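Shown next, in structure tokens, is the structure this report addresses.
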Amino acid sequence: MANGLLEGKTGIIFGALDDKSIAWKVAEQAVAQGAKIVLTNAPVALRFGGIHELGEKLNAEVIAADATNMEDLENLLDKSMEILGGPMDFMLHSIGMSLNVRKKRTYTDVNYDWMHKTFDISAMSFHRLMQLAMQKDAMKEWGSILALTYIAAQRVFPDYSEMAESKALLESFARSFGYHWAVKKNVRVNTVSQSPTPTTAGSGVKGFQTFLDYADKMSPLGNASAEDCANYCVAMFSDLTRMVTMQNLFHDGGFSNTGMNPEVLGMEE
Amino acid sequence: MANGLLEGKTGIIFGALDDKSIAWKVAEQAVAQGAKIVLTNAPVALRFGGIHELGEKLNAEVIAADATNMEDLENLLDKSMEILGGPMDFMLHSIGMSLNVRKKRTYTDVNYDWMHKTFDISAMSFHRLMQLAMQKDAMKEWGSILALTYIAAQRVFPDYSEMAESKALLESFARSFGYHWAVKKNVRVNTVSQSPTPTTAGSGVKGFQTFLDYADKMSPLGNASAEDCANYCVAMFSDLTRMVTMQNLFHDGGFSNTGMNPEVLGMEE
Amino acid sequence: MANGLLEGKTGIIFGALDDKSIAWKVAEQAVAQGAKIVLTNAPVALRFGGIHELGEKLNAEVIAADATNMEDLENLLDKSMEILGGPMDFMLHSIGMSLNVRKKRTYTDVNYDWMHKTFDISAMSFHRLMQLAMQKDAMKEWGSILALTYIAAQRVFPDYSEMAESKALLESFARSFGYHWAVKKNVRVNTVSQSPTPTTAGSGVKGFQTFLDYADKMSPLGNASAEDCANYCVAMFSDLTRMVTMQNLFHDGGFSNTGMNPEVLGMEE
Amino acid sequence: MANGLLEGKTGIIFGALDDKSIAWKVAEQAVAQGAKIVLTNAPVALRFGGIHELGEKLNAEVIAADATNMEDLENLLDKSMEILGGPMDFMLHSIGMSLNVRKKRTYTDVNYDWMHKTFDISAMSFHRLMQLAMQKDAMKEWGSILALTYIAAQRVFPDYSEMAESKALLESFARSFGYHWAVKKNVRVNTVSQSPTPTTAGSGVKGFQTFLDYADKMSPLGNASAEDCANYCVAMFSDLTRMVTMQNLFHDGGFSNTGMNPEVLGMEE
């Protein structure tokens, strides 16, 4: 679909690594719908992923930024406004990483310095971005800010470990800052709680394929794909959804409200 | 906005009474986005409202149907499929009426026959519609079914009386039937929990203007209007939101997640 | 445990059928904790169950009442106040039955007259009871009213069928009437959302043993038993919980907040 | 009330400062119900508050511990087990402090080092405590761990600032660690979401009296007091509630499920 839904709109998209990334698909869809965007990711991600290729394809500049570093974020916002011609219409935060998971520390034996770092990368980066964007007046009236999250913020998936808390934090930042953005500039802030998605990042989590299969069977419509998520983000960036704010929006094929699916238990329905 | 988002899609819209109705706005927006629709409402509503005028404007047939009557609903579905050329892509349920409220019986002194009737009109009609539509195979794959609801299903607003239970029922039907529709035809079913809206129907509720003002002040973006709601329904009917199902979606300017807004208390922030 | 927690308190307990019933266990525990109670159930249940034996054991009168019949409920309240010496401290509603399930009509092919009857028995009976109790001033200040419910009110368990809606209704009645009871007499009203429990009634539901096993594995503490539930109800009737009202309280070994338990999938943790 | 509900049980209570503290009341109630306890608080709080006086009254040792310091927590657990004769039955976490609020930085202009510190004090301290307690096997089978929280974790109260996120974190830790405790030792972990309470700590928050009055009017039963909360904590420590885990329990006079109370708006009902 390409309906010009984002015609004339501009935005920043965080977190595109390779063509499995949700952010990658969002970038493609946003541009297909008429938006002009800037792509950003951490310096190390820029080196290993294919984001420059994506930037060329979409005619989008790529600006490196460590999302836990205020100077980097300032530079990103300043340059983006220069490139995009002023305040923006949308931003996508798609950043998450757990040091304790990566370093194989179990949830009942975490390193707290790493936990601080995990929260900073995966959640506080969202507050940092919004705080700077507000101070720099980097968003247009009725703009839309989104972050990607996961239902582990509400329910326990043991292997998700401290990312559960990261997502709980992230969703709370969306609500709290959503209030301030609404009052100040009618900007909305929401989180999209996406099905587990076979991205390169997600695949690193222990037992991830089990997550995927279980969630797919449990979800009456099956798991939502990265492409589906990109379509949904486009809807949330468009003017069709201007009065939705401070919400956590499940985009998950019905997983969140299914208590038991006979398919999971190998039963005939 | 008119982006052809619903080009080639067909649907039925319940509940347009006059130009203050949310359903009226949805009908206008759906057609503006390329959809072909059938309008329906109860026989009595057809006599008093302006729906025929809307039908002419939108080139949409108007079919009378009492949503608690299976023959009427059968006739509606049969004729609609004839007119629209087969199974449909979307349906909007926007029906609600409380006999006890209308007849000024307080919540602690209700008439239970009236309560049964209220539930039938306001909630069971949604199940009736979906049951018949499934039996008649009246929905296309990846179709979208919506019903309008209110946050009284989650929290107490004393004057809303038994409509609270009606909406709780309605939302539960959306979840339960959403499971069956997903498994059978990949159709999604959701409820939109809308800000209080100054429709002709809503205005009948005691203290309604107080509701409106309070909700408007409490909501960081203010109350969502009927037009805003129509836009959101278009997004939910479009292919951008295919993996969202069995959800209750707050379209309320942030009311639902605001605990206290200093504006309500006349405080400076 | 018997700590005299309910010493001096009186109440009515609905729904004890046989010694597998949760209500049966609540009756035993309430009396063990010092309460004086009246037992009630539908006339047909009185004939088939062992409630008279329980009444003798607990020195409690048994009064037949069809909970959908206002005269029966009036008689029950009048007689209970006579027996118990005036207004009461607590009531337990443990009533549920689905005609469509019993008569093997699937959720997508229900009979709507039966659905009305199901709602009346399983949910409206709770409103009827509270409406009459308020009109007769049958509750003491700071009393406690409980109803038993199930998580199908929030999430879909396909075989639970229209009982999902019955429980959604029931929980909404608890919230709505809870407001009015609080304002009028500082009485609290809550629902206890219990693990699936192998009662004689529950066992009739299709696939019930599968429910039980799945829920038991999914719940980090395992399923809560009828005895556990009775203990929890005692806590909710006691003066220790006077400020908890209008809540749906999960008593389920953690099921409700567990997204995936590796045990369900036969995985090692 | 003193029913010996906690007879033979032992536990640690964090956060008693003076006789307005909820933790102070919990300590008094727990001992009145037969428990033997250890009291703890940060070194600075020990100097300024009256905790030693409380310790003498309750025959409870007072052990200083900075809850963000692993050595302090280790010492606390080791000494407590020595004093109390081995693993414990309950723990109460009642700790919260926001550096940005204290230093008058608004939510849209926070200092991120202070935010890290706020999270560490107010939420990560709970994980630290549970991680050490699990490693030291400091809890008995079927023990109960509680933390106090506030509804700002779910809804925005602008002046609560980054404490909203602290509480969202805290509640997520309760769920996640609750899973691990249940699987390992049948220990339950819950949070009690208490009405705003006029403690010495709470009073420091801007506009706090407004919070109090608004919440009191909005809550059908009025605000729950510190004494009420202590009673509820006793119920949650007792064996009556063994199957409740990973829950956030609203103890708030009905505030959380009240959408609008006519009293707030000065309306007659």
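Worth a mention:
Each chain carries a letter (A, B, C and D) given by its place in the written order, and its residues are counted from 1.
The working rule: a contact is a pair of C-beta atoms (placed from the backbone, for glycine too) under 8 Å apart; a residue touches a chain by one contact, two chains touch by 3 or more.
Everything numeric here is computed off the predicted structure, so don't read it as measured data.
The chains that touch both chain A and chain D are B, C. Here B-C and C-D were compared by C-beta pairs in contact; the pair with more is C-D.
Chain centres here are Cα means. That of chain C falls 30 Å from that of chain D. If each chain is reduced to the centroid of its CA atoms, chain B and chain D end up 42 Å from each other. Within chain C, contacts with two or more other chains are made by residues 155-156, 158, 175, 178-179, 220, 246, 254, 257-258, 261, 269. Here chain B touches chain A in the complex through residues 1, 3-5, 175, 178-179, 182-183, 186, 188, 195, 220-221, 224-225, 228-229, 231-232, 234-235, 238-247, 249-254, 256-258, 261, 269, going by the rule given at the top. On chain B, the positions that touch chain D within their shared complex are 151-152, 154-159, 207, 210-211, 214, 220, 254, 257-262, 264-265, 267, 269. For chain D in complex with chain A, the touching residues are 70, 107-110, 112, 115-116, 119-120, 124, 127-128, 130-131, 134-135, 153, 155-156, 158, 161, 164-165, 168-169, 171-173, 175-180, 246.
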